[in-house]
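Please find the structures below.
Two complexes follow with chain A in common, the first pairing it with chain B and the second with chain C.
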Partner chain A sequence: MKMRIGEKPVVRRFHQARWDEPIIFELSQPGQRGMLVPEIEDEIVAEVGEVVGALPEGIRRVIAPQLPEMSQPHVLRHFARLSQENLGVDLNIDIGQGTCTMKYSPKVNDRLANSGKMQDLHPLQPESSVQGMLEVMYRLESFLKEISGLDRFTLQPRAGSAAIYANVSMMRAFHAMNNQAEQRDEVITTIFSHPSNAACAKTAGYKVITLYPDQDGYPDLGALKAAVSERTAALLVTNPEDTGIFNPRIEEFVKAVHDAGGLCSYDQANANGILGITRAREAGFDLCHFNLHKTFSTPHGCGGPGAGASGVTKELARFLPSPTIEYDGNSYFLDYDRPDSIGKVGPFYGVSQNMLRAYAWIMSLGAEGLREVAEVAVLNNNYLMSKVLEIQGLDAPYAEGKRRIEQVRYSWEELAEQSGIHSEEIGIRVADFGTHYWTSHHPYVVAEPMTLEPTESYSKADLDEYAAILQHVAEEAYTNPEVVKSAPHNSTVHQTDHKVLDDPQTWAVTWRAYQRKIGENQEE
Partner chain B sequence: MKRIGLIINPVAGIGGRVGLKGSDGFEIQRQALELGAIPMASTRTKEAIQVLSEKTLEMEILSPPGEMGAALLREAGYKPHILGEIKAGQTTAADTIRVTQEMVENQVDLLVFAGGDGTARDIYIGAGENQPVVGIPAGVKIHSAVFATQPRTAGELIAAFIIETGFRLEQAEVIDLDEEAYRRGVISTRLYGYLTVPFHRRWVQNSKTPTPASEKTQMEAIAFDLVENMQPGCAYILGPGTTTRTLADCLGFAKTLAGVDVVTREKLVAVDVNEQQLLDLVESTSARIVVTPVGGQGFLFGRGNQPISPAVIRKVGRENIRVICTPGKLHSFAGNPLLVDTGDSDLDAQLSGHISITTGYREEAIYRIGN
Partner chain C sequence: MRKKRSRSYPYIPNSEFAIKKEMLESVGAASIEEFYADIPERLRFRGELNLPPALRSEFELVKHIEQILANNQTSREYLNFLGAGCYQHHVPAVCDEINSRGEFLTAYAGEPYDDHGRFQALFEYQSLMGELLNMDVVNVPTYDGFQASATSLRMAARITGRDRVLLPKGINADKFSKIVDYLKPEIDLDLYDFEAETGLAKVGNLKEMVSEDTAAVYIESPSCFGGIETRAGQIADLAHQKGALYVVSVDPVSLGVLKPPADYGADIACGDIQSLGMHMSFGGGQAGFIATRDEVEYVMEYPSRLFGIAPTVVAGEYGFGDVAYERTSFAKREGGKEWVGTAAALWGITAGVYLSLMGPRGMSDLGEAIMMRTRYAMQKIDQINGLKVLFQNSHHFREFVVNFDGVGKEVVQVNRDLLARNIFGGKDLSLEFPDLGQSALYCVTEVHSRADIDHLVDSLVEVIA
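Right after this comes the complex of A and B.
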């Protein structure tokens, strides 16, 4: 008997593990251990003395850390279960995580980063014994200089926000040098720039001024001119913005800020749509930053350490974090002799495994390949946009009729008005078909948002499948809203109560905070 | 057991379908009926009650007799406690106000009403600012923020309120058109006051509305910024709204929600002032105006803060106007410019253009005022 392979439905039949797994702290059993640390041998005690007693008073814990007490198999089982409840970049068509630039990270680069040579490196090894890694860092910096047009980079920041914070700190050092640090206490950004810009400026103590779009949905030059003054320290902007809209008047923006004595920093965390097409230098920026884990294909923060890179013009290079990587014609070395440096923004020199991955990724593509990345990413995005905008109830607000660069912030407002189904509910239902999407940062500026960014890694068939899932769920919203409202049915995620997350009195992002605010140790 | 009150304005919505732009007043209702209008209130209320009937809910229901509630409840199988008396076929706003007062005296946990903006105003007169209410949208004009998005969502909201404890409450605007002006083709809304409504992300307005908790935190952040920058000896004219009231709370003063009040850093100078009082004030003292956009359309002047008249604004000057608004509320205007309608078109033109809005502690937005 012959049997043909059965046909598959347009939207995938999918079923995910759903473990009713407690929080790891709830699994703790007093006295259980995963590993028994041996007593210190007599010979060692004889050699170095009482180790714990030798620790200075100030760094000794008064109370033991409240870590969960568990056996090894319990730990493994716990995390193996959680891993089955994930949708990672290797498992789904990961184009729904707009602004995050989820692209394929080639496995060969992971193998390089995990090789014995890399694993055995120690940051305090003598320079002469790590010339290869220093060369990788030096050359990676030179690539980023070429890609941005700026003059020097540091690879020290651990994440994009750490890089923005480093940039804000360098700008403050610049104004301090001109005795204007006190006077220049305002930072300007736009509402569709990545909110890390406003957050980092705020963390650094600046007052933040946010510009809202003009009538056409573009960043508003008039608003900028109303905002700049002798108090302006800096402009921090993303371009293209989180809506995928490119600010065509960016040079005028930069000029208006420079004329007022401020500096301009370009958030290029996600430079995926403009690699080899436009540069920070030509737009007149003084600083920029890249996220190696977005544009340059290294894993994201949630899946491994991220990596940021801050770039500056030569006028600002003296303020870069210490040390910088230098080359004297014979060997590579670390330069700590930097009297004007803002200091350190992270331990040692940065996340070396990610530097190696990014270096390998750039080397494998070359200059032409980088430009092709941008071109394919933009093509994919505009293909997906034309495809999904055929879905009833979906729209792409702002800059009507104009092309987007590498991502789009869509709106399900019309669908919500017609069907009573909200964007978050569609997002949960989409997970029943083995994928997901992210709405937008809060509070929502675009109503009922959905942000898609297909990058260069996805094929036309991938994009078609993703669009078909959206189309299917949108149809359900109109014809069978209950099935959407009661989702998820096949995925592991469940509906969450947002009430507690909106209130500083109840939100808890650590176990300790949970116990203090909600759990048994609640403060009166 | 929770105690729920239901009041239906039986003539609500009667003017809508026949193009009369509202249903306030006997003469309009008579005209509407002659034109063949069918009251929407009972159908809309049925839809909401249907949701309740589908669930097993422990509750006690109070309502006025006949078409104002009891008839429909009995039809759905409920046994309401009857409050007050009405003349069948001749109910008026006075009935709504009187029954509302009785509901409050009978300590209902939630007062449900079916009607439009005019009914919401009557409920506000009868219940004041602190009685939790839910509006079933059944009128011609639904500008007030006190209504659920649809009758069914009102039902869901009522059910959730009965089942859950510690429901979050927030103050919502009661806004109404001036119907006389509206029938002449002039759109003029007014802020009449605030009602307390139970908040649920999905069922009140839409999900872009932030929750009261995050809004409250953001309003406090705005208030801290303003208080930190208040000039000694300067008078601050505070327009209506919860955002400006938070500022007064921060200073330790009780502000009226719907009125214009005056404060300094040190004291509450005057409450619920009129134009003349403000003119006298700005004549003798340096003053600033603090306003927040009112209503869904985002009016800065000319809606609910009329005592801050063109003469007052001119005297204080544009540079001394502080606009405050939470980012959540600002985003609800969907990129549309803020509006001014002071009654003086020259002044409106002068006020238009970019303005700085305080949106948090040491946070500002640059936004447009349209003309």
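Right after this comes the complex of A and C.
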């Protein structure tokens, strides 16, 4: 009898869950119930009589919403199956979403966030009844102050872009106070800063000037100096940039803007490679922001809720959103007496359960641990870079021969020219092996881009496996391009015709719109 | 002898010295410092961050945090009558089960193939909301209801090419503050009055104010006092006669019994979905929706992701992707509409689970339960000598205003005495709406039994005595 089972192949024989699950409306069984509501007591009925029936015709719902009717196990099964058709950090080597800082979100922190002592708090409860949560928020703010070197933080923004907007709004208030709101109508950013820096500034009414890198891929100081003027309201800049390159002249950038009377905001959404290494304060910034769902480990939730934290120097603290969280030596309290505040940037105090998670994460690591996070993230990145640059057709444009911080924007340009296979297609084929990558933010200044960010959460073996998958797919591109072009093969679904999603006649954002449109298109 | 304390970190696999050494050698670096060569020495932080000592074991961490959290008294331990934008509804266990699954919880922005599940789940959320709202387009959730209102108003301004919006004076002050900040500098706001008897829009005043410059007439139903706008259709006509859009903010949890805004003429519906299966979490359960008809001029003004359904090469297989992605800031940076980013997708998935569990009958039972319990509480409290329930001449959903002027007490005092009886009294409105005197906003949902409400009534009688 043969007993030896044999070796594993270099790349995993993965197959994504494929439940071929219907749309939930197709599962409806008339009469089924998934959840009951507490019965109304007879005494209430006797006291109030008909209430809904007494509503005037014009506002009472006559036609019931066409929601599905389902038993509880069937609802559970449907969504559990959909969840299986999804990859998350818990399941894959999630290093292909560069700039997103996909790291391990400790389970213990989820459990704390899901405890009744957190979930069952109403935000308007008396301060005396929420001392614990206020303490967590106050202490978390003090940690972020130390990590950035800035003087005050608000945790109210509900994610990174909301924090950028809050920062823009505070800078606008600063210039308005100096009677320069009209004059200062331009915001400067760089093309390798997150797109929300440009988009938030535009939304707030600013003209956006975008700087492109110099020949070596570094932010161009000459271009900045040419752009700065008495119209400059602010510089909004990500550092390290999305290329993983740290701008070594960042101090000079800040000085040039300050000299012209503008303010500088540091996008530290992803500060994973520089915790305890370099800070906004020393670089001279007036404001910065962190994403608790990136650097500080709170789970990404398929796209939120995350949490944003906006930090400012003491000169700008008067503009922070209201309320701030204060401590008088005895108890914690909310301070709404802030006449110069920009007001509210969102309801209540922000995504509180993620503040608790981030607090727990920092407490579990301490100063030494945070630095370990940064150093290992950077080590992992440079290790992965050296591995993947051995792959034919792949390059890391810019800053040649230099090291990178926590991520690298690679280019498959050579492979595309030689094989006709594009970065997007490689990304789809990679999904056949149990992981994935995302090309990059638009526009593709780096041709055929791929941005990898291997945070501190992955082992050397994980990085080797990821590199082996890329190597395997790159080889396929040269030797068997058809298998790449026709991917995915092992995913939940096969190639999808995304063209229908750009045509108003055929796009369908709801099941009802889909049904209406297939009906209409048949008639034609 | 005791061994030297381990320096390894459970969350950081490569923190082990030997692995680091091997990796450094493999890349030809002498130390990790080399990777930071681009950072000028003057910008280097050379000290150690001043943070508390690490709680390295999970046990110590849990103990520390549970000790802090023990200083919270929750709305389950106390009887809670606070609402004002965050509501205590029952959260079905299946909602928690699904949104706690690591596949959803720890995923982010995967593509339609590797993250098919989140695309389908969010498409279904959009579709379920579409049925509830009787509208064909619903976005992947934005941050919260404040943002949904603010963006809806900006969308209306872009669609109409106009720059004035009309808002009710009876609006939550925090929401108003957010909207004011968000509409700067391009859009001006004007406020219309509410009626003293009902708290609803003063239609005559609104009629005088709406003009050819008006981009949007915005109402909330229920209003911030809990009143249901009975003349919602009439207001639609006023807006439309002047070419303005009608933007209506609702709580979707009411739509099992209340007509969806589209049915009385709304062009854009918006609001918060926290009531649909999210815990209150000290305000962390908020998420916003925006809904419109399926018309190009509307769809192209959404900043948010919109997930759409598409055929694959296999018959009967549902594929998904982004609808009209080119309108977003992800595609066009400052050329996109406002911005898009991480917001509240997990709460969209959760609300989809919630609506699937509830079904049409669950939503109608729930709406009726809330309205009857609210009415019961209003009547019982109004019967208390000296207390007055304001705006009684309107139908209420979940919230109502209690005035304490007749007993000469401040809300602060009343709430302090209620707190001593383990009750969180209604939100103090005396600063936000000084014209209402010493008034508080009370909230009653399906979680409040008759006994709970009677207990509140008895306690109020005691504390005003």
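Convention: the second predicted complex is superposed on the first by the 424 of 524 C-alpha atoms of A that agree within 3 Å, B and C clash if a C-alpha of one lies under 4 Å from a C-alpha of the other, contacts with A are read in each partner's own complex, and residues count from 1 in each chain.
The working rule: contacts are C-beta pairs under 8 Å (C-beta built on N, C-alpha and C of every residue); 3 or more make two chains touch, one makes a residue touch a chain.
Since the structure is predicted, the reported quantities are computational estimates derived from the model, not experimental observations.
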Partner chain(s) touched by A:A360 [first = chain B, second = chain C, both, neither]: second
First, second, both or neither for A:A234, with chain B first and chain C second: neither
Chain A: partner with more touched residues, chain B or chain C: C
Which of chain B and chain C A:Y212 touches, first, second, both or neither: first
Touching partner for A:K202 - first (chain B), second (chain C), both, neither: both
Partner chain in contact with A:H422 - chain B first, chain C second, else both or neither: first
Which of chain B and chain C A:L144 touches, first, second, both or neither: neither
Which of chain B and chain C A:H498 touches, first, second, both or neither: both
First, second, both or neither for A:L320, with chain B first and chain C second: neither
Touched partner set for A:V484, first chain B, second chain C, both or neither: neither
Those residues of chain A which chain B touches in one complex and chain C touches in the other: 198, 202, 208, 210, 442-443, 498, 502, 504
Residue ranges of chain B touching chain A (in the complex, touch as defined): 149-150, 153, 168, 201-202, 206-208, 210-211, 213-214, 217, 327-328, 330-331, 334-335, 353-356, 359, 362-368
Residue numbers on chain A that touch chain B, as the complex places them: 191, 198, 202, 206-214, 217, 220, 222-224, 226-227, 397-398, 413, 416, 420, 422-424, 442-445, 447-448, 498-499, 502-506
